[in-house]
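Read from first to last, the chains carry the letters A, B and C; within each, the first residue is number 1.
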Amino acid sequence: MASKEKKEKNLGRYSTFSVVLRRIRKNKGGVIGLFIVLFYIIVSIFGPMLSPYDPNESNFDESLIPPSKQHWFGTDLHGRDVLSRVIVGARTSFTISISAVAIAVFIGILLGSISGYVGGWIDELIMRFLDIFMAFPEILLAIAIVAILGPGKINIVIAIAVFSFPSFARITRATVMSVKNNEYVEAAKAIGESSWSILTRYILPNALSPVIVQATLRMGTAILTISSLGFLGLGVKAPEAEWGTDLALARSYLEFAPWLSIFPGIAIVFVVLGFNFFGDALNDALNPRLKDR
Amino acid sequence: MKLRVLEIKNLKVYFKTEEGIVKALENVNLHVDKGEILGVVGETGCGKSVTALTVLRLLSNTSEISGEILFEEKNLLELPESEMLKIRGKEIAMIFQEPMTSLNPVFTVGQQLTDVIMQHTKVSKEEALKRAIEVLRLVKLPDPDYIVNKYPHELSGGMRQRVMIAMAISCNPKLIIADEPTTALDVTIQAQILGILKNLKEELGISIIIITHNLGVVAQLCDRVAVMYSGYVIESGTVSEIFQQAIHPYTRGLLKAIPPVDEKVDKLKVIPGIVPNLISPPSGCRFHPRCERFIDGRCNIYPPEIQYLSETHSFMCHNPYELL
Amino acid sequence: MKKSEKVILKTEELLKSFKVKKNFFSEPQWIYPVDKVSLEIFEGETLGIVGESGCGKTTLGRTILRLLEPNGGKIYFNGEDITNLTHKEMRNYRKHMQIVFQDPYSSLNPRMTIYDILKRPIKIFKLCDKTQEPDLILETLRNVGLDKQHLIRYPHEFSGGQRQRIAVARAIISKPKFIVLDEPTSALDVSVQAQIINLLTELREKHNLTYMFISHDISVVKHISDRIAVMYLGNIVEIGPTDSVFYNRYHPYTKILISSVPLPDVKKKAEFKLDTSEVPSLFTKFNGCKFVDRCPYKMDKCSDEKPAMYKVAQDHYVRCFLYEKDGKGGGEGK
């Protein structure tokens, strides 16, 4: 009895959070995804401090060594340790993707909530503006922007943010439009709340779940895009470690030094899958479907 | 001995959910005789809708069902699904609360009716259509030939509910289960629908179970009443017995909580507390935390057994009121 | 429930219209859920508003509080014209005119704790300074039968009845004079409904509140109201003291409406009529009385002319030509 009461008390404040956590725990894919994502973040933050070698340090005596005790992932053409490059590459992709997604979320929520709440011609205007961006396939848009602005981390952030923000705006607009018809919004008007207050205190907090899910899934897309750009030679400047760029360099050696492609490639696959699994589980957790009676 | 169309004995239904096992029905006992209207009343969480759905085996996600549901000597809980298909819609029909969502919006009324008729009886399409128009007339819809070609959204709420009733009677069922059929309707339309239901009983001899939380509907329409609370039928009897001679504290509390029509009272008599949690219900009698006739050591330990005051009047209580 | 002579709220020919499409393919048409409604509500009384779908009672409640913008007519609160005030100016009045909504499951912000919900009106209306805030919140919460431990919880942790109490707390915290209650008990179980009704009557006595009680449940309205107004397709068709309206039922619609209510009394079995008359949609255009198609007493002039309100008894008016000779036109309702 006592433990049950205690559980009820604890659930009081954070019940949404613990309920969501419980639901994710049940979804095996989600748990795997969550672990991968957490692992990725930890590696990005702490990895480079713990990497065995300097990823940019060339050592031509040690070039193209297959995986061994000294070099777990082997070395590349320049004698650089592949493991270290993969670890530092994680940080590279993480810093770029999280910046890009954060910017896209911010702009997206701003535009989407104004559009959804105010409606009318402003809504039309913003929607048509978004349409322009959504007309382009994402990767093409990214390539075009990087081609114009030149390579480099900041420009990649811009490129990804630009093709990502419209979906956040759309989602925010849709949820704002549905939430604003709830009675508690009307109740807020009845107690004299200002429009800004209604938007920030009543509407947005209730409209964020789909945005959170989309942001998680977008991280995967962003990381994939960074690597794609890198692969095409439009990514971060050499000799900086980045998975896609390294993959491009590894192409010519695929036959006799496959480890140069395998490890960066697996890293990309794992991380992107991890975000997708976790994002899907999060979606299911935040929007539980009504079970049959 | 009246002919019993349906008899539910010791029905227990538990559901598996995320938060735990919901003990929706614990020990439900009720019956419907031929040609009578039974009202099943109760508040949220009492299990009235679950009972109805269990009769037609429309539930999923159940972790445990035990007891008997006897329909014409057969235990419905033991029938294979293929047999149940022949019963649903034909022998036992159901009417739901929201006519808009129970009718398929992309088919006309006529198509939906003929579908049901042809599913259960071996008739041609022309004959099915004739029968469809006939049942629409039975529910007093004006211009049935015109209505058969209409889509649900072209009809008002009251008319849609009449269509639902028509669909229910189209295959001559022995029993109709109506789950809050008038709750979503205006009061004047409600009166019309109740009139149709009464007419069905009087002219066609169909037995009806009507599930509602509205005691006024029960008093005006029903022959017998079963009062449910948290998974039990706590009192059951003829409509006069329940309204004038109720002995269960919950039934009395419920009757007193309605604003009286003919007298002026300052305060309504209130049943304190709230409906119990079905995952961890109170021990013993589930009503005991709110009961003014509570006996410590008994009501909170032993679940009450079914007892009879007369052939028709039954109750489940350790300490009921005395009859005057 | 002594009726004072002071008019707290008055409307003059209040009009609320919407341009609506009947279905996807048709042209948008105007509908008038509030069709030139004039009424007065006196300090300390409870005016019950009854009617069926499309009668406009909910729209009326919201328009009076300027939650919907009126399209015509005037609204007076305590004698002052609030019809065209800006939202900033309205804020001063909102302190005194509050509302409790029907659905306790959607009228509270799921992301705010009870404390936050009750804090907002204090901040907006500047009801007290920061140090007194917790006391005011706790006092108000206790007034509705809840307590301290409920403050840090979220709405979804409460039952329907408790949420409705919180909604009432939010409405009374600014010590309003006038509260619109829009079907406050319709979504609740019978036993919980009784609790909330008792709470409302208690608060009314304690704080001398004036209520506009909107409901489709006629027995509840009869229990709590001093006067009843019956609405039909945007008009008040009958208004008068509760018992007078309930038992006399002058207007033909009132007759049908009240006789349709199933009474929980086995000794009074009703005759169910098997007719099929229904409320016409708001799209229907009427040149004369809107009840004409369903009225068993209709006369020729009913289709062509709109009846005014005619006095039939003390404080009791009916919008029907049957009573034209008895009273003079005008009076409290137009």
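As a working rule, a residue touches a chain if its C-beta (ideal position, glycine included) is under 8 Å from a C-beta of that chain, and two chains touch if they have at least 3 such contacts.
In this text, all values refer to a predicted model and were calculated from it rather than measured experimentally.
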Chain whose mean Cα position lies farthest from subunit C: A
Selected pair, greater C-beta contact count between A-C and B-C: B-C
Separation of mean Cα positions, subunit C and subunit A [Å, integer]: 50
Where subunit B and subunit C are represented by their mean Cα positions, the distance between them in whole Å: 32
Residue list for subunit A, restricted to those that touch at least two other chains: none
Subunit C-touching residues of subunit B, taken from the complex the two chains share: 43-44, 140-142, 153, 156-159, 186-192, 194-196, 198-199, 213-221, 239-240, 243-244, 253-255, 257-261, 264-271, 274-275
Interfacial residue positions of subunit A with respect to subunit C in the complex: 12-13, 15-16, 182-184, 186-194, 201-202, 205-206
Complex interface listing, subunit C residues touching subunit B: 23, 52-53, 159-162, 189-195, 197-198, 201, 216, 218-220, 222-224, 256-257, 259-266, 269-270, 272-279
Subunit A-touching residues of subunit C, taken from the complex the two chains share: 62, 65, 67, 87, 90-91, 94-95, 98-99, 101-103, 106-112, 120-121, 124-125, 152-154, 156-157, 167, 170, 174
